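Take a look at the structures below.
Presented sequentially are two complexes of chain A, the first with chain B as partner and the second with chain C.
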Partner chain A sequence: MEKKEGKWKGDKDVIIMDLPGIYSLSPYTLEEVVARNYLIEERPDAILNIVDGSNLERNLYLTTQLTELGIPVVVAINMMDVVAKNGDMIQTERLAKELGCPVYSISALKGTGIQEAAQAVVAAAAKHATVPQHSFAPSVEEALSDILAKLPNNIPQELKRFYAIKCFERDEKIPIALRTAPGIEEIIANTEKELDDDSESIITNERYTYIGQIIQHCYQKKNKGGLTTSDKIDQIVTNRWLALPIFAIVMYIVYYISVTTIGTYVTDWTNDGLFGDGFYLFGNGRAAYEEANEAYTLETQKIDAFLAEATAEGIDISTAESDPIAFAAEAAQVTASVTITAEDESTQILPVTIQDYEIALQAEEPAVEDFGTWIPGIPVIVGNVLEKLQVADWLQGLILDGIIGGVGAVLGFVPQMLVLFIFLAFLEGCGYMARIAFIMDRIFRKFGLSGKSFIPMLIGTGCGVPGVMASRTIENDRDRKMTIMTTTFIPCGAKLPIIALIAGALFSGASWVAPSAYFVGIAAIIISGIILKKTKMFAGDPAPFVMELPAYHLPTIGSILRSMWERGSSFIKKAGTIILLSTIVIWFLSNFGFTENGFGMVDDLSNGLLANIGSAVAWIFAPLGWGEWQSAVAAVTGLVAKENVVGTFGVLFGFAEVAEDGMEYWATLSAFFTPAAAYSFLVFNLLCAPCSAAIGAIKREMNSAKWTWFAIGYQTLFAYLVSFCVYQIGSVISGDVGFGFGTILAILIICGGIYMMIRPEQKQKVLQAKVTA
Partner chain B sequence: MGGGAYMPLAMAQRGKVETIKKINDKDEVKRFLESLGFVVGSEVMVVSELSGNMIVNIKDSRVAISKAMATRIFV
Partner chain C sequence: MGTYIVGGILVILILAIIRKLYKDKKSGKGCGGNCAGCKGNCPH
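Up next is the complex of A and B:
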């Protein structure tokens, strides 16, 4: 929860502090704590209190508290257009008189009145503090003046009333010396007895009574009662029958567009174009190039097939290049064949004779530049520059493979994330997001999370970093921590290549693998939610769900783009810092090692330091079915960015460049893993500690090193245990391994997990013990 | 205050304007509810109800509350 500082455009000496939106100065939510501490401790020169004109009464509650702070206050009434549209009227001059501070009407949407209000604040800062005009019921005022008399003299005059009221409310955040001054408790208790309510509620009620009086004078309402448009929309959208279907349709549209259509298109462009070989400007020429390239590929296939056939017939092909005429004479009778598959899956067999072979030899590889405006990708451009500058090989490797390769892979997800963020910003801006939390609350409550946990998890399907950051809207500390810990269980965009790899290599692309990964993620969240809620750390009553729902309205394009950029840029910043650093470290560890010539750069990754580390820790993963050092190394590089797992296997199996799903080495991998081991590897990578960027986000949101380590430790341990069970039990079912010690241990772990889920809550246990004793 | 004649907000009819008579809740939550406008004497109307959770209209704003809270606010 943050406040934002900025300078006023009109006068650079004026510093503006934007405090989070709050309902009151009583510290219930994190926002309130932040705002209140700032106002009391930093004591700004003036306060601009922006209130929502469409629900003035509730908003003035905070205003009455602000005027007691002894700081000049200016009230700006926003949403005056909505008020006018409803046919209502607010008399600002009258209101100013009643409140004892200047009142302006503004429209943040249209940008009107803001300058005037800002100038008024600057002017007010030079004047004396706002004096609260309101008084409470006589008995309350009497108690307050009694308390006031007992306050020490060192409290500034203008703050006396504030502290008197806080003392009366028994506010725990004010200095203890004030609260416990002799006689004060007696005064409070007497008033409470007289009014038959607790002191805090007395003050609250007094405030609302006072506001009620002001409103009567200054606010003319046209339609009292009755349903507003927002209410009517809510009656449909949160209807008990329609809520979930409408929700499912909205989510499907958002997901379909941002992940499968526009998202994939832009992601491919960034990964293969911007951070790959390059791209055609506006796509012109791509089709022509692809056609030419296809034709060229066919010719090379013909050559390969002919040479292979010639070898099979006992002809020495080593002369094919050095003495083509002799070779042609010798292979004159050879006829090979190539099979081509058309788009409609029909196949055609082409014979390849010596003539075809010779024609094929003439074919030239098409150059990308010949077919349109070709813009080379960043690695190509940088590579050329480095080549020209004659930069040392190791530095070229670091920059191209390490930095650009690593950071580029991560940045490749940015466009897709931005598309997703636009949708989320729209859902947030129009007011539907708050309804989602309401709709999902009943379901999430069942496993110890809040309805607000859904939004982080939804964003987490795109990327865990903004997902974890979205948990900020959850006020309750326990709910928020639990959401942060479980959000990254959901497969994010970067984990999809791992799923594709395992599905393709081991399960011949079976369609159940990908959905099962999401199922594993959701199950992990539910199980963790239930287990964690029963630990002492998270025990206690669930936080009650209270949330204001904004009125439905169309958000402006500017606000959507701003919100998109805010989320996106924080991810990009991460890519520039944490990810950059960890890519360099991993690159160094992979490419440097001890050889017979001493320490230095190694050609083969299997001689690198990372391979050494991998071999040293591989035994840890043996019980999960993948104790080879390559798998351990792949999992470790996944900590930089999850999709690295695919690339690392490629490099370790001797493929310099592999497709996103590692298609080239599927055969190698299927010999390397048993199916049970492969699925265990997949599950571990889905659930274990997230990538370094997400860990960074967890640290920032937890704001505590201890909790960050706990979260990562929990995730990794959970992943280890689940993978262990998957492998041990999966192997027995598939018949790879007999029933043995491992199986028994796996069953015991599952039983332990079930016990953790069904055992009574820790706190209740204590209570029951007390009852029986 | 006796509670006999009051009913919890959870049982209130949709679309009917009621007046809050009493709030039974822990201090911290009660305080937050109060700052949102849930005080004795306020008019409140249930807009929508979804498996016990409710959206209510209070002081010209819409607030979503859980079933647990709706049973502690009496009208």
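Up next is the complex of A and C:
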């Protein structure tokens, strides 16, 4: 929920404030509070009220309230292209007369009428305030007059009617002095008795009666009572049975293209090309290079295989380089073999004789520059410059491994996010996103989340960063915060290697481990939703799900690209500031520490400050079954990037390079963990605070350090408690330990969790609004 | 010498970032116009 400020291109002195989209000035939502505060306190020179022409009746409700604020109002009826397409007609001149303010027809999509409306509102700013043309039923007007007479004199004249109506509605957000003025409650009660309705409903009905009359005079519907094209599409898209399958297909396509295909391609290019070794301009030459490199790799394999076989046959290979003729004579009878695996997985065994070995020795490593226009990556270019400047190794390490590596890894997500944001902008622009939220709301509401929360979670399965960022489509503050806090519980792509490691090393690759990780993530979201909803911070009646289902229409390319850039650019900006500073700190902590010669750069990362921190906090994880410092360090480095967990174990177990699933050290790990401890480690890493990039996204979206700490604190505490229960209960079930204090504590935690889920809701925290007279 | 030049540039860059973050926060731009942060009470 945002309000944005800009300047009108036609006159730089004109400042435009775009307030959140609202339906009324009744402060039920934060959007309405923000908009109302601004209008009452800041008193803009004029209001441009943009209403949806395809849904005029509902939108004019706000217009009737705006005309009561004593500010010049200009109404711009948007989506007139859709109105015309439907064959409907709005008489703007008649409408202007009825409302008492200028009315203009515009189409934001086609760009028509916008300048005229903007000029009109600038002109209106110099004129008198709009005077509301409507009056309520005589008894209501009489009550309002009586209330007006009792209002304090310090209220500006132009706002008196507004406050009188708000007093009549018993609006809790107006100053208490107004609400409790003597005699007002009696006036309201009498009118309610007379009209047999509550005061708020009386005003609402009065407004809609007035709007109904306007519509009757000014709006000619071609297909009265019939279904529009949008209605017909909605009959299928929001159908009780078809809605979910259609939604699943749409989301699969979005996810497949943005994360799996195009997104992955551009992200790989960013990570491996732009922030890696480099890339071929337009890809020309890559295929030829890969072919040549493959041939060269085969030759090196032949050399390795031949030398290995010679060693096995007792030949001293140390002479291979110093005295190749003698070595050739000695190894003349040796025949090794190399296995080649083709693309179709078929294998071929090639014999390697001394002749093949000697030919292989002649092979030259292909140079990337020989196959096309090779553009070196940023680390290569910067590295060369630093080398030429003879910059110290530690500073080169900081710039290349720390800053460029760290910021590059984060920026690597940007292309994927931009592709995703294009799709999201299209779905939003065409009107389908509103339908998705509508479809999912009924399900998600049951455990305290909004229908709009589903999209971030879906995206979060690929990467938590765009997942968290996608939460900004949720306008309601409480729902958005809760979604941000729970989205990263879903295992992202970077957590998959951890799942593969634990499944392979401790559970013999059991097929249930990976699905169980997703089950744990979904269960964590549901449980957290229910528990958080019952706390004071998130408690209360669910915010009414008011969402306009706009008519389907094709958005313009410009609007899609603008939306994509608005969402993506802030992340890029953040990468250049907060994330850059973070990478420097993390690099320093990883690479510096106390050695025999005092404080300085360490050769082995396990001696660095980060490793020391891991060692210092290892005891905290002992109740979870993995209190060894290596596990703690692996979990800590996972906060930098979840991919680090597998690699860190590799380094700490003495493997310089490991496969993605760390299969080289499965045997070591299986002796290191019990199955219960391993699953506890897996659960903790799945549910605890996400990687630094995702934490950065949480900070950006929460826009509050306090809320960011609360979110990652909650996630980590939740992960700790769940992992504790998994280890303690799991160890008893597997027979590793007997029933003891830990088991009792775990049972108590589970009971406490169940209580938190079934206890009555806490009192709603009332939205605060500052309205002064 | 190269170490001092590059190190100096890096220090200036870091200080500039910190200064910008501090200034943005002080002027209220830190919220980026996102009203969720201050309930609409900021001057923007």
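Everything below uses one rule, namely that the second predicted complex is superposed on the first by the 579 of 773 C-alpha atoms of A that agree within 3 Å, B and C clash if a C-alpha of one lies under 4 Å from a C-alpha of the other, contacts with A are read in each partner's own complex, and residues count from 1 in each chain.
One rule holds in what follows: a residue touches a chain if its C-beta (ideal position, glycine included) is under 8 Å from a C-beta of that chain, and two chains touch if they have at least 3 such contacts.
On a predicted model such as this, the values are computed, not experimentally measured, just so you know.
Q: In the superposed arrangement, does chain B or chain C reach more residues of chain A?
A: So, of the two partners, B touches more residues of chain A.
Q: Just checking: does A:239 make contact with chain B only, chain C only, both, or neither of them? Give me first, second, both or neither.
A: Only chain B; A:239 stays clear of chain C.
Q: Regarding the shared-chain residue A:4, is it in contact with chain B (first), chain C (second), both, or neither?
A: It touches chain C, and chain B stays clear.
Q: Name the residues of chain A shared by its contacts with chain B and its contacts with chain C.
A: On chain A, no residue contacts both chain B in one structure and chain C in the other.
Q: Within their complex, state which residues of chain C touch chain A.
A: Within the complex, chain C contacts chain A at residues 1-3, 5-7, 10, 14, 17-18, 20-21, 30-37, 39-41, 44.
Q: Would you mind writing out the residues of chain A in touch with chain C in their complex?
A: For chain A paired with chain C, touching residues are 1-5, 20, 30, 33-34, 37-38, 386, 388-392, 395, 398-399, 477, 480, 570, 576-578, 580-581, 584, 702-704, 768, 770.
Q: Tell me, which parts of chain B touch chain A in their complex?
A: Touch list, chain B to chain A: 1, 15, 17, 25, 27-37, 39-42, 45, 47-53, 55, 57-66, 68-69.
Q: If we count contacts the way the header does, which residues on chain A are in touch with chain B in the complex?
A: 23-24, 26, 28-29, 54-58, 61-62, 196, 198, 200-201, 204-205, 208, 225, 227, 230-231, 234-235, 238-240, 243, 434-435, 437-439, 441-442, 445, 542, 544-551
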